[in-house]
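Please read the structure below before turning to the comments.
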Amino acid sequence: MSHSAQNIAVHSEPETEDHVHHGNYVKIWAILVVLLIISVLGPLTGIRLLVLFAAFGIAVIKAYMVAKNFMHVNVERRWVKYLLITCLAFLAILFAGVAPDIMRHQGLHWNNYAAKQAIQSGSHGDGKHE
Amino acid sequence: MLERFATGASTYAASIDHLIFLIAVLVGFWFLVAEVALFWLMAKFRRRDGHAPQYVTGEEKHLTKWVTIPHFLVIACDLVIIVPAILVWVNVKQTLPPAQETVRIFSQQWAWSFQQPGPDGILDTADDIRTVGELHVKANTVYHFELQSRDVLHSFSVPVFRLKQDAVPGRTITGWFNATRTGTFDIQCTQMCGMGHGLMAGRIIVETPQQHAAWMKRASSPALAASAALPSDTAAENTKIAEVRR
Amino acid sequence: MTTPATGAHAHAGSHGHEPGHHEVSFFHKYLWSTDHKMIAMQYLFTGAALALIGGYLAYVFRMQLAFPGHVVPGYGLVTPNRYNSLVTIHGSIMIFWVAMPVLVAAFGNFLIPLMIGCDDMVFPRINRLSYQVFLVSAIILLSSFLVKGGAFGGAWTSYPPLSANGVYNLTPLGSTLWLVAVALEFVAFLLGGLNFIVTTMNGRAPGMRMWDIPIVVWMIVIASVLFMASVGPLIAGAIMLLFDQRLGTGFFDPGRGGDPLLWQHLFWFFGHPEVYVVLLPALGITAEIITVFARKKLFGYRTVLYTTWATGVLSFVVWAHHQFIAGIDPRMANVFTITTLLISVPITEMIFVYIATLYGGSIQFTTPMLWALSFIAEFLIGGVTGIFLGASGADIYFHDTYFVVAHFHYTFFPSAIIGMFAGLTFWYPKMFGRMLNETLGKIHFWGTIIAFNMIFLPLFITGAAGDQRRIYNYALFSEQTRPELQYLRELSTIGVMILMTFQVFFLFNFFWSLKHGERASENPWLSNTLEWTVPSPPPHGNFAELPTVYRGPYEYATPGRKEDYWPQNAPITPLEEGAL
Amino acid sequence: MSATARSIANLRSVTGIPTARLVTWWVIASEIFIFGGLLASYVMHRLAHPEWGIAASHTNTAAGATNTFVLLTSSLFAVLAHKAADAHDGPKAAKFLRLTALGGLVFLTIKGFEWTHEIREGFVLASGGFWSFYYTVAGLHALHVLAGLIIMLVFAVDVAKNENLPRVQCIGLYWHFVDIIWIFLFPLLYIAK
């Protein structure tokens, strides 16, 4: 980045540049659909670890594939990637700060009896609070 | 220092006051340094004939030290504050000394009510003493309180004890205090709780063991129990307000 | 900046917006304009009008506190419910409808395109939409005073279950209107903020590197980023609270599987960065002013930027210090005490840099400079008292007392009000083409500063004496009815009246100077940044010829030059090349 | 915004990313926080309340899976539209855009049937914690789908005439983002039981 005056940074036609390389999108789509089928079938096995992976592990993989191949994050300017990662990091901070109070129903010198009652009464209903 | 503005009447009041004093000294020092530097520079470098401004980028080594050295000193001062602040916090909020007495505190729009064991010393029995707006406790006794709310958020605050804890509906929050001074003190609600927030006052009456025993005798005798449980002036006013709720 | 030249200069004139700048109707010129300067004025005047309303509310409840139970002249009797509405709407207005529109939106809109050397925002029409949404939100908020039950009175933090249930707050309509207004205001500032961020990233003049952007632009952009990142969870929370109020869900109702603490976390995850959203633009304005009037380069441009970023990031990990005693797990308080005290490090460093900038300067005490210096002096009080509240052990006592009130007014008043006056008096010549009267300006300055301290210094003491917040009458609290505390409350109220009286000087000065002030030249303060290279006020499209930037914004008193300033767009002449 | 009304600022590109795409990324970033806040709140409650699993068992996994498939496919169309736009084939890009919008429409239709069924069974917004989150999260997402498909149909008009082709990529980015949100909503709302 020089300070020379000749550098007029104006795009007349932004559309004429920065094309990405277009890969085989149908192939990506096919993989995504296969992953979807696995994520639906996985839970039918009933193995808890497998269910969790099928549900959330595959979601992460799918999201990664869409971001990488369809949104072209991999060939976008690098800071876009950093921006997205920063967003997720801040959300992780939010989660870490809030979860100790919300995700647990008992802590040091406090007891969330209302939530415990809700679990009690909800466990033998159909999940509906009347 | 705080004692000048508000009496301290619990075992941990002094430690909180000392912490506040420590912070006041440290931040007061930095405040003075900064203000003196500011006003001194303002006076020294005011526009005068024949004094041209200097070209200083702020990246010269011999000048940046004027910012970096205070910077590290501020970190040091932060540590000096963090450690006692946490120690006080751990003492007041995180550790519960073994209870000698336990009371239950209920908050609701807009009154405090209290439940404490009667002569049998056990909570949740028939002789429990329930009061509204007034809490009678013994001095020099470790009390645990179990704080609950029946509707919205409230905050149980006794300024002389340096005690403050929000009441959250759906939760029981346990804390402690140990009064060191007899007398009648204010209980405030310090969390916005609706129209009568400014009326949600209570009294905490710290008594000697003898006085307390006398009170308990009066309060738990069947004839007087009813009158003891009667709302005090405050609570009566609150009831009035509750009636005008639209 | 590697893109090819495409002859933008030739297009500069013809690329303007609507053809025919002359025959523009009043409606299109003042209300439907896409010109960033006009939108800035709209934000400025709306924010100033709301500041007067917020000030009036403050007058009413301060009168009630000084003379409880008496009829307040100009209002009437203050009932408990009305008192709650007054403090709630005062807080909401001052933060969301005064500090943000004036500091972020008005100055952001006016300064960013001018300072980075382009003709307008990247999305002028989204910019216009931003103001319109903002205006609607302000109208909705004010209309809540007129509905049945009155305006919302559950504090600006709007904690559920109080805010979620009309049975508890007794203002079922007011609370929903408040929530909708706040949510719309968030949308307005998201739209505006996106414009600020993208304009600054993409629309800079050729030659303007990251390190050549004036600090105030940086600060407004960083504030926009902080706002964008912090407000999302609260928008989600606002939707949940709205459903709780109107559609019978129980997100925050403990009786139905919800949790009231969740709102507090979502609110303060936004609420703390919001403090910096308001503070940073004021710090930026101060940086511009002290460099101009001390004729000094900023003492470490990069230091200021790094500390700003550090503050911004840290502001996301400190929010629970507002909740130390709110029922969160006490162990979490230790974490937040440490982070909170650490955030003081970059902020103090920034203030030190500002003070050090004066070193070796040649300081002119013009009105804007007085405002800028008083910002530093007063903000220091707000900063140091924050340490008491960030230290968990001390916060047990100070939480929700008037100490807190005094503390955050010592941060918000310098940011929003002093910062606003600093910016207004400094850029007034550029905005309106006339100079303000210096004498009136100084009378206004001293009156405001003295009155401001008179209002809030006593409140530190009443707070330390145990006065809790949001109480309309202390009669029932025997420890707070001590006469000396009442004297202090009255002193504070008298301060409010003096403060409001002195604003008359400003209003007169402002409107009188519009017509009769001395005509301003292009660059009355001999400043370096690009907005001073165009006529005052700048024409539609700003620059007759778009500038090219050759250097940073703070090259004052450069050795070897005749003038003691060096505009960012001045090319280096061969003569100078030899001298330097 | 027609090309003539663009500000010069809009035509500059100091970062090297065209302004429209740059702002799309920032919009996505702010949306991440809105959905993130909501989903974080949901996950916290969901993990702590086993009884919500009982409620979740009433959701229709088949409908959710079909909708995932529909959105994935429409994402494919969106990226194919981008490819066509890069090849300056406006009509083809417009065709793919409309197919994408059709995918959104199918998604909303399925969602409509699904919700009608659930509401008939008595599971409404106020039927308890899970259902409140279920309708709020999915409803907010559905609003994004609706907004996306309307914008896409509007853009398609210009694009068919070979005008404003870069917009195809921007609306595509947004659409993929909405797709990614659903990719997470599907297991969170339907599979975890």
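For reference, chains read A, B, C and D in written order, and residue numbers begin at 1 within each chain.
Please note the rule applied: a residue touches a chain if its C-beta (ideal position, glycine included) is under 8 Å from a C-beta of that chain, and two chains touch if they have at least 3 such contacts.
Remember, it's a predicted structure, so these values are computed and weren't measured experimentally.
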| request: Determine, using the mean of C-alpha atoms as each chain's centre, which chain is farthest from chain B. | output: D
| remark: Comparing A-B with A-D, the busier interface by C-beta pairs is A-D
| Can you give the whole-Å distance between the Cα centres of chain B and chain D? | 49
| Distance between chain centroids, defined by C-alpha means - chain A, chain D (Å) | 13
| Between chain B and chain A, distance of the C-alpha-averaged centres to the nearest whole Å | 42
| said: Measuring centre to centre with CA averages, how many angstrom lie between chain C and chain D? | reply: 34
| task | At least two other chains touched by the same residue of chain D: list those residues. | result | 8, 11-17, 19, 26, 29, 32-33, 36-37, 40-41, 44-45, 49, 52, 128-129
| field | For chain B, residues that touch 2 or more chains besides their own | value | 93-94, 169-171, 173
| request: Pull out every residue in chain A that's touching 2 or more other chains. | output: 9-12, 87, 90, 94, 98, 102, 104, 108-110, 112, 114-115, 118, 122, 129
| Can you name every pair of chains that touch? | A-B, A-C, A-D, B-C, C-D
| query | In their complex, what parts of chain C are in touch with chain A? | reply | 1-3, 5-9, 204, 206-207, 209, 229, 233, 250, 254-257, 259, 261-262, 265-266, 269, 316-317, 319-320, 327-332, 336, 548-551, 571
| task | Spell out the residues on chain B that touch chain A in their complex, using ranges where they run on. | result | 93-94, 96, 169-175
| query | Any idea which chain C residues touch chain B in the complex? | reply | 80-81, 83-84, 149, 153-155, 157, 159-162, 168-170, 254-255, 259-261, 294-303, 325-327, 330-331, 333-334, 337-338, 341-342, 344-345, 348-349, 351-353, 355-365, 373, 376-377, 380-381, 384-385, 387-388, 391-394, 396-397, 399-401, 461, 464-466, 468-474, 476-480, 556-559, 564
| Within the complex, which stretch of chain D touches chain A? | 8, 11-20, 25-26, 28-29, 32-33, 36-37, 40-41, 43-45, 47-58, 61, 65, 68-69, 72-73, 75-76, 78-80, 82-83, 86, 122-123, 127-131, 165-166, 172-173, 176-177, 179-180, 183-184, 186-187, 191-193
| message | Which residues of chain A touch chain C once you look at their complex with the stated criterion? | response | 1, 3-12, 87, 90, 93-94, 97-98, 100-102, 104, 107-110, 112, 114-115, 118, 122, 129
